[in-house]
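Everything below concerns the one structure shown next.
Naming follows writing order (A, B, C and D), and every chain is counted from residue 1.
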Amino acid sequence: MDAQHEAERSAAALYERDRASQQLGIRIVEVKPGQARVTMKVTADMVNGHEVCHGGYVFTLADSAFAFSCNTYNKSTVAAAASIDFLAPVRAGDELTATASEQWRSRRTGLYEVTVTNQHGERVALFRGRSHQLDGSVTD
Amino acid sequence: MDAQHEAERSAAALYERDRASQQLGIRIVEVKPGQARVTMKVTADMVNGHEVCHGGYVFTLADSAFAFSCNTYNKSTVAAAASIDFLAPVRAGDELTATASEQWRSRRTGLYEVTVTNQHGERVALFRGRSHQLDGSVTD
Amino acid sequence: MDAQHEAERSAAALYERDRASQQLGIRIVEVKPGQARVTMKVTADMVNGHEVCHGGYVFTLADSAFAFSCNTYNKSTVAAAASIDFLAPVRAGDELTATASEQWRSRRTGLYEVTVTNQHGERVALFRGRSHQLDGSVTD
Amino acid sequence: MDAQHEAERSAAALYERDRASQQLGIRIVEVKPGQARVTMKVTADMVNGHEVCHGGYVFTLADSAFAFSCNTYNKSTVAAAASIDFLAPVRAGDELTATASEQWRSRRTGLYEVTVTNQHGERVALFRGRSHQLDGSVTD
């Protein structure tokens, strides 16, 4: 099976079990080996005490993009650590896109960068994730 | 007004507007100046494709603890950046507690550490947040 | 004065006072607005107890690249925070290049990514820095 | 051999080969299992273009403390990643102390926090390091 087919099949299998991403309306727009792009619409229930989107939901979208990108090799892979910089406020009604891209990968560890943009193409957050590969495959 | 009263009043005002924390069942257990402890029960809707709690929800809980702790001085304060290390898997049904503690604070910037534990007292994540103080107060 | 001229002039003024970079043999190869490339040869005195280059020197090179890039607007700017991922061991005799590139900049804060490569073009570290702009200019 | 003896023996073996720490005048004040305290005097050669201590040297001191603390079990262990927040300027002549403390350790990975203070007891930086254990022992 070629790499692109495997990436798509892994992402589909992961998404099918991922109730969190489904419930949040996160959708996969595109996957390639080591890459993924996902979208989410910010709802009124995602707003925090400062009346902007809770940073946790921006992180969650980025983390989903990271998860789909680092599992494209059909090796079960989880997040070991992540960091996020919040660049601009996000509001209810905004349509966010998170684009994850592999920066580096060794035997068990990988580094992924995720850029989160809004519907105007403005960057609202930068995320970096460190992955850890487990035993077992995604599609099992 | 004394510092403890102000901390409680700020947290209550912030929580009242924080639909995200409310919808997730996050509850404030305790606040002190520069500190906050919050809890959340992990639901089946928070589970990801690896059948453990989506890291985004663990982050969100920690981020809420961070928000309540850094707003205890009644100065409107937001997250500029955060990092998280995931130490152990979290499962549906787990009861998580996030405890935030101020490490340092200057005029506009603060650093807060948050430890997330499960119902067995095991640490499942360590979080560090950098805050940025805006103009305006929380209770306005 | 155009932006490129200002970038070069700021970097030159900063470097002239930067005894640390000078003593370590760090040289500026190129600067553009928001960007800088610097090099350093790893000496036997930079080796740690595992007989590879001390991570502190890899960080220092990246941090110098970051400093030169974020000061290219002739506004005195310092590091507020930084993170580094070490990808591959560095040895005495290696010739390292650090390339810094601005990812985002607001009024007082900026984010810069730095890639450190060795003489074979292999990436040995990824660095991200958060800058904070002070009052005053670099060339004063 | 008891844990304290092993910690001291590992640190001594590591330090003996660590030309970088030696050349910088870094000295080990104390080691315990998972912990280390080191000191360094900031020299005129460590000053950067803003006429304060180059952040790279503050990082290097913290990184040495981290290295000595995570190698106290006599298992060869290196830094995988680290982050640092700079809290206050450091000047030539300052005497810095870095105190590293293990936060968490699994089979191959550990997390360590390091606080750097000056001679007045003021905190000048907070550092967090992620360790990765290799095969082999420190004292071999």
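As a working rule, a contact is a pair of C-beta atoms (placed from the backbone, for glycine too) under 8 Å apart; a residue touches a chain by one contact, two chains touch by 3 or more.
Quick caveat, the model's predicted, so the values are computed rather than measured.
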Report task. Determine which of the two chain pairs, B-C or C-D, is joined by the larger number of C-beta pairs in contact. Result -> C-D
**Report entry** Relative to subunit B, chain with the most remote C-alpha centre
**Finding:** C
Report summary line: Cα centroid separation, subunit A vs subunit C, in Å, comes to 30
Query raised in the report: Between subunit B and subunit C, what is the gap in Å from one C-alpha centre to the other?
Result: 34
Query raised in the report: subunit C to subunit D: how many Å between their CA centres?
Result: 22
**Report entry** Per-residue multi-chain contacts in subunit A, two or more chains
**Finding:** 80-81, 83, 85, 130
**Report entry** Complex contact set, residues of subunit A against subunit D
**Finding:** 80-81, 83, 109, 130
**Report entry** Of subunit C, residues touching subunit D in the complex
**Finding:** 13-21, 23, 44-57, 59-61, 63-64, 67, 71, 76, 78-86, 138
Report summary line: As the complex stands, subunit C meets subunit A at residues 83, 85, 87, 103-104, 106, 111, 123, 126, 128, 130
